[in-house]
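Okay, here's the structure, questions in a sec.
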Amino acid sequence: MTSAVAQQLWCVATLLGTTVLAIATSRSRRSTAIVYGATLAISLIALSRCLPVLVAGGNATELVLPVGLPWLGAHFRLDALAAFFLAVVNLGGAAASLYGLGYGSHETAPHRVLPFFPAFLAGMNLVVLADDAFTFLLCWEFMSLASWALVMAHHREADNARAGYVYLVMASFGTLALLLAFGLLSGAGGGYGFATMRAAQHSPSEAGLVLALMLLGAGSKAGLAPLHVWLPLAHPAAPSHVSALMSGVMTKVAIYGFIRVVFDLLGPPNWSSAVVVLVLGSATAVLGILSALMEKDLKRLLAYSTIENIGVIFASLGLALAFQANGLGLAAALAFTAALFHILNHSFFKSLLFFGAGAVLSSTGQRNIETLGGLIHRMPLTSFAFLVGCVAISALPPFNGFASEWLVFQAILQSPDLPQWGLKVMVPAVGASLALAAALAAACFVKAFGITFLGRARSPVAEAAGEVDRCSLAAMFALAVLCFLAGILPGLVIDVLSPVAQALLGHRMPVQASDPWLSIVPIEESRSSYNGLLVFVFITATASLAVYFIHRFASHAIRRGPAWGCGFTDPTPAAQYSGVSFVQPIRRVFGTLVFQAREHVEMPPPGDLRPARLKVEMHDPVWEGLYAPVSGAVWFLADRLNQLQFLTIRRYLSLVFATLVTLLLVLAIWS
Amino acid sequence: MPNLAFDIAHLLAGSLVLVSFMMLYQDRLYALLNVFALHAVVLACSVAWQAYIQNAPHLYVTAVIALVFKAVIIPVALHRIIKQLGIHRDIETAVGIGLTMLAGMGLVALSMVLMLRVTGTADPLAREDLAFALSVVLLGLLVMVTRRNAVSQVVGFMSLENGLVLAATGAKGMPLVVEISVAFSILIAFIVIGVFLFRIRERFDTVDVGALDEFRGERR
Amino acid sequence: MTAASDAAAWVLLIPIGAAAVLAALPGYRLTAGLNILASLSTFLAALSLFVLERPQPGHYLLVDDLNIVFIVLNTFVGFTTSVFSASYIAHEIETGRLTPGYLRFYHAMYQIMMFGMNLAFVSNNIGLMWVAVEIATLTTVLMVGIYRTHAALEAAWKYFILGSVGIALALFGTILVYMAARPVVGEGQDAMVWTLLINQAATFDPALLNLAFIFLLLGYGTKVGLAPLHAWLPDAHAEGPTPISAVLSGLLLNVALYAVLRFKILLAANPYAISPGPLMVTMGLTSLLFAAFMLYRRRDIKRLFAYSSIEHMGIIVFAFGMGGPLANFAGLLHMVMHSLTKSGIFYAVGHIAQVKGTQRIADIRGLTETHPVLGWGLVVGVVAIAGLPPLGIFMTEFLIVSSTFARQPLLAIPLVLGLLLAFGALMLRLTGLAFGEPEGNAKPAEASYVPMFAHFALVLTAGVYLPGPLVVWFQHVASLLG
Amino acid sequence: MVVISDILVQLVQMTLVLLLAPLFTGFVRKIKARLLRRKGASVFQPYRDLLRLLRKEVVLAENASWLFRVTPYITFAAIWVAAALVPTFATGLQFSWSADLIAIVALLGSARFFLALAGMDVGTSFGGIGSSREVMIAALAEPAMLLMVFCVALIAGSTQLSTVATFMASSEVGLRISLGMAMIALIMVALAENARIPVDNPATHLELTMVHEAMILEYSGRHLAMIEFGAFLKLLFYVSLIICVFFPWQITIVGAGPASYLAGAGAYIFKLAVASLLLAAFETATAKMRVFRVPEFLGAALMLGLLGTLLRFVSRSF
């Protein structure tokens, strides 16, 4: 009987083998089925092997392979935290593989997707398993690289190529930040093993620096503002099931890195570091969802919404840090569990939504929601699954998104126990911004679902759309069911997550399974409780009651007629509200401040038959405020220095001469 | 005798530096060549003197090479090139003479500062010699970077190399000196031939940067 | 004479003998084959050095742990390049860029160059080493100019002039070392023998050593391509035949670096001399940052990778400048990885330039579509050179950055900045070259892929798994470097 | 025994809100009419309207999907469940722990989410304009509401409405500035959420100014009845919430005798009457705002909620 970690590594090895297989069979027509079938099977096996570790909460198993850094070897370790993230990865992987079985047949360049897909999965699994800095970073970058290759699958579109470029540079930036963090953690002696780092003492300033670097490194991968700019470019560029993996799973792996270092390796946190995480998290949440609202590309919208959720998760982790720093173990466990729960939930519904977007894309060839509409009639099943995803991500009961956000809010309500005034005052403000983000998320997904699936078709392709294949639907419905189950049975999920909190924080939330009626009670019943199951039962019961009474006692008659347009019935679908017009009120309220949104009306002079046009001008504050100047500076310097390529030999000699004289002068002064 | 030997070596090395200075303020090519020939002659004397006092007959070979090759053949060849290319009238300094001289002073001062730190364990003759050699090397480089013309740059390079020979011969018992001086002569011959063959490259310092752009495959 | 000193001699004799034969023989197929054969046997001779017992260092030849790494690497890349060169030159002859007469010259020069480089490694005499480096330089100058085009001649000329100045500076440094050694070691040959020098370096005059090191650093640094002494490097890489670019980047830079390292060890052995670290760190960082910026505006594909070589030389010099077991280990490994990767890239680039008929980056697009093997080969190469895992350079950059940050946080920042900048530039160009709507000639390439993939396979293996004995070896060498 | 009585209370509560809701709206309308010196319709008119609508046939737009037909029931059910969980005359509802204040707010959010979707389903510009404005208002009202919840919860130490009411009814709470601010915030949110003046006008169908009515413009017959009923319930819910949180006097605490239940119910009816008077008076005295003034109005509510939360630390009872 091999140990749990060895089993996981065998799964990874099989995944890498699948990559080789994919290259070997790239000419074959059956390649798609073979590869996705294999990844589906492997993911499910890996999932089934890691869940026992999570539930049983057994001891961590370790393994050292004689690869990687020669004097260290590659350390792997499977503990509760790793098991949880492995579960997230492999669940997402399995769903994406299932979806890929159907969606992959639409792929125009399968040889650019199939080899990298299993490699990407393998990379994510390995990051979670790694137990020394070198292996961790190696796998981390390998994961980035594989996903980059997937982003570049449709490289002929200039936008995708740019997206891939920005992505890779940001990934590299993040890795370098992590590298520095690990350099600091390992010390000059090069103690790269996580066990060594865990045992070492870190001074407060060092710990602060490591945290900052982790925020840069893991944050850039996860999409923390202002390092998120690559995310809305890269995630949509990949094939949809890969987008789902990137958004739903890879960002979580980044968060895993953050948790592993900050909660596990760094030792007891400092409350001031929590402030930074809280501020960044809540700012990311609001900025992310506002950007999502302004977006009309469905996949980009989803990517921005990922940023929002990452913000929520980070805010929650910040709370956990704040409580942990003050020795409030129970509250810390609550916040931490809330973060983990949200991680799980987000991986469910974001994958589901990306699958839906992929279904729309493969059925209509469109990602721009302004050209869609009325798909609920033509893709009823897809639209139902997508609706479930929308409700879940909007944090509405009784679905899972609400359960985790509710826990976050409960954690925020523990803030009076914090001794620091700064935190006392700040945490409610964080709560306000999270509430704002949640409300805006609902608005955003009303828009996303409403414009895409409701109303009348805005283009011929939307008119001609059809339902997608069974595998895709099966993947979507599986996730929808998971969203629902996690929503009505949150207590069970919390109990599964508790060992992770116990292992990292030394505290856990109370056991929920024993509570009556399966409700969740974070602290005690008189303070707060929530029961998704009952809420669901109540709503169903009352709604059924209403339906019963009405159909029993009231009129059944239905007459179909044209929609009423106040006397101006306009048959063209263009008269409907568009996505841009839908968000106009919100754009006016928030956009003028955040995006410097301006509306210009171009009114043709009287007699001119051209239509009047309303133009909306928006600026991305992060890109224009941070990235454009940096890239401008780089190009400016590159231009300046480039003149050195065109000097004459005499000038080159002068350079040599000047260097010589300088060094001699230095020597004369120094020695 | 040791004192006299030292004084003469010192004198010769010192005059080499002086001649290097003379090169700095020549702004006509012919004059520069003549001064260089003088430079080579002084070097030959210095090397011969070292051969004598060190009792190292092989150094005479180096002295002869310096005399024949650098004081005669190369200047003559360069004369011909200048005539053929018709560039003898060019004023070819890139930096003003005054400034160059000042820089030269600075360089000599620098080399003195550096060399005088060398402790007395090294033999004083070598030490002084080396100080002058360093000055000559630096001045040679200075000539190279302040002249626009290929010919005068070759001259600068040769004077630099003279500094090396001075240092090498001053280092008592250094092996391979002759070989090195032969190798350098070949190198210089290559350069001269290069200048001669590729007339397009007659000027190191092309004003037209656009033309260079084109050559370097970096067209916009 | 033991067997090993024989082997060391063979490493020198085979190339020089082959050069004589190749200069005389006509015919392309025969000479190319012979060239490969000679390179292979040199490589085997170098490998045998590992197995055989080491001889006592003589006055001229020396085989120790440090140089054996270099020799084996050198002969290996020399061998693979000769394989690549065979298919590359065949194409050049077909298109008439090279005439058979020049071919003879080319192969002879190739072997002389190998001889020069090997000599530089095995020589136990700093004067001999200097001579060897110069032989290697001069032969490459001739090879760079072999196409006789305007640009090639200009590049060769520039290389020649700057190289000559470098030669002169290095010689002056060598003389200074001799002067420093003479009072201690005694006059004559002995004061130039490396093994004798290092034993007594502690008693040398520090001021002379300091001065010597500056001249040596600048002199050999010119060959290494350290900014701002680098000017010859990009043009020489771009305008010569691609096998020569590969050898220049992969090997010649190492030769000069090896020389710098030797003198660094010497200086480190003297407690009163300045520590060479700060100088090297400064030069390394300057080169890294400078090259990183220069990468952005490149329009010529070979120049692009030439600048990338400058960048990597900067990193290596930085690592050696930092010193310490980790950084030295990383520096050595980085050097090996860079040689393998960069020459591999040049193999790809050579064929790409041939099949596309241009070296302009803007004219080459979508390689992974038109020439999948070359295109993906290039992707792998650039990914490797940019320091992405699982390839070898990642490991070394990991070690360099993390160990630097733990010791000198402020130095790590420009280092990381430079790495990131260079990464951005390389990826920008790679995106244009390998991806996008294909442009230009799409006819299949007649290329030999074996050398390229052999290199990449080695780099990949090293990135994941380094054999234990090799590691012990490297660690020992790293400790030698201080 | 306690359980049975609690379930009983819960059932009574559910029926009570269902029955009272139209009456409350009718009462407000009547008072408004009287204040305007009109006679006004009977207070029972809302019941008649509902019955009339229920009897009529549904005219469904050709493009309407299943979502359009399901939404009225979902919204009705969600609002009813929410209203049923607010202690009106007695705390200790059997199921009040199944959803705390945050969950109740979210339940209303669910209702609005579906209603906004339904507004877009038919594909006319009116539905769109209504939905668009509705979500904008919600985007501000919901955080304001949650902040109010935070403020109250931080003072009461619980988000459980029964606990809050019990706590507020006890004598240990004095007047607190935070609570005052939270109350004002809640009232402002309530006005906005129920489409009352000055945010929206429930009585108008003037196309450019309407929000809620535009959204449900396509509904007719029994569907409209459910939506209207939902709106009545929602108004009652908010008033009950304000009463329960800020004026829980005489509310029956768990375990009290039957007499106290009667007293609690009586007090509740009385408080409702007062509230309707105030609401009608306020609506008569103010004018409707332009749509883009609403964000400022709600922003003020948000700020009040936040201020209330922050001032909690400095304001102890007077």
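Each chain gets a letter, A, B, C and D, in the order it is written, and its residues are counted from 1.
Keep this in mind: a residue touches a chain if its C-beta (ideal position, glycine included) is under 8 Å from a C-beta of that chain, and two chains touch if they have at least 3 such contacts.
In UniProt terms the chains read A = Hydrogenase-4 component B; B = Hydrogenase-4 component E; C = Na(+)/H(+) antiporter subunit D1; D = Formate hydrogenlyase subunit 4.
As the structure is a computational prediction, the values presented were derived from the model and not from experiment.
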| item | value |
| --- | --- |
| Result of counting contacting C-beta pairs for A-B and B-C, higher pair | B-C |
| Most centrally placed chain, judged by C-alpha centres | A |
| Mean-CA-position distance for chain D and chain C (Å) | 78 |
| Cα-centroid distance, chain B (Hydrogenase-4 component E) relative to chain C, in whole angstrom | 31 |
| Distance between chain centroids, defined by C-alpha means - chain A (Hydrogenase-4 component B), chain B (Hydrogenase-4 component E) (Å) | 68 |
| Geometric centre distance via CA averages, chain D-chain B (Hydrogenase-4 component E), whole Å | 98 |
| Touching two or more other chains - residue numbers and ranges from chain C | 157, 161, 165, 169, 207, 211 |
| Set of chain B (Hydrogenase-4 component E) residues in contact with two or more other chains | 114, 117, 141, 144, 153, 204, 216, 218 |
| Numbers and ranges of chain A (Hydrogenase-4 component B) residues touching at least 2 other chains | 645, 649, 653, 656, 660, 664, 667, 671 |
| Contacting chain pairs - touch in the sense defined above | A-B, A-C, A-D, B-C |
| Chain A (Hydrogenase-4 component B) partner contacts - residues on chain D that touch it in the complex | 54-63, 65-67, 73-74, 76-78, 80-81, 84, 95, 97-100, 102-103, 106-107, 109-110, 112-113, 116-117, 120-129, 131-133, 135-136, 138-143, 146-147, 150, 153-154, 157-160, 163, 207, 217-218, 221-222, 225-226, 291-292, 295, 302, 305-306, 309-310, 313 |
| Chain C to chain B (Hydrogenase-4 component E) touching residues, read off their complex | 127-128, 131, 134, 138, 150-151, 153-155, 157, 160-161, 164-165, 167-169, 171-172, 175-176, 178-180, 182-183, 187-189, 191-192, 205, 207-208, 211, 235, 238-239, 298-300, 303, 359-360 |
| Residues on chain A (Hydrogenase-4 component B) engaged by chain D in the complex (per definition of touch) | 373-374, 376-377, 380, 387, 391, 394-397, 402, 406, 409-410, 412-413, 415-416, 421, 424-425, 428-429, 431-432, 435-436, 438-440, 442-443, 445-447, 449-451, 454-456, 517, 519, 525-531, 534-535, 538-540, 542-543, 546-547, 550, 553-555, 557-566, 573, 575-577, 581-586, 588-589 |
| Interfacial residue positions of chain C with respect to chain A (Hydrogenase-4 component B) in the complex | 157-158, 161-162, 165-166, 169, 206-207, 210-211, 214-215, 217-218, 222, 228-229, 231-232, 234, 274, 279, 290, 293-297, 324, 326, 366, 368, 383, 386-390, 394-395, 397-399, 401-407, 409, 412, 416, 419-421, 423-425, 427-428, 431-432, 435-437, 463-466, 468, 471, 475 |
| Residue numbers on chain A (Hydrogenase-4 component B) that touch chain B (Hydrogenase-4 component E), as the complex places them | 645-646, 648-651, 653-654, 656-657, 660-661, 664-665, 667-668, 671 |
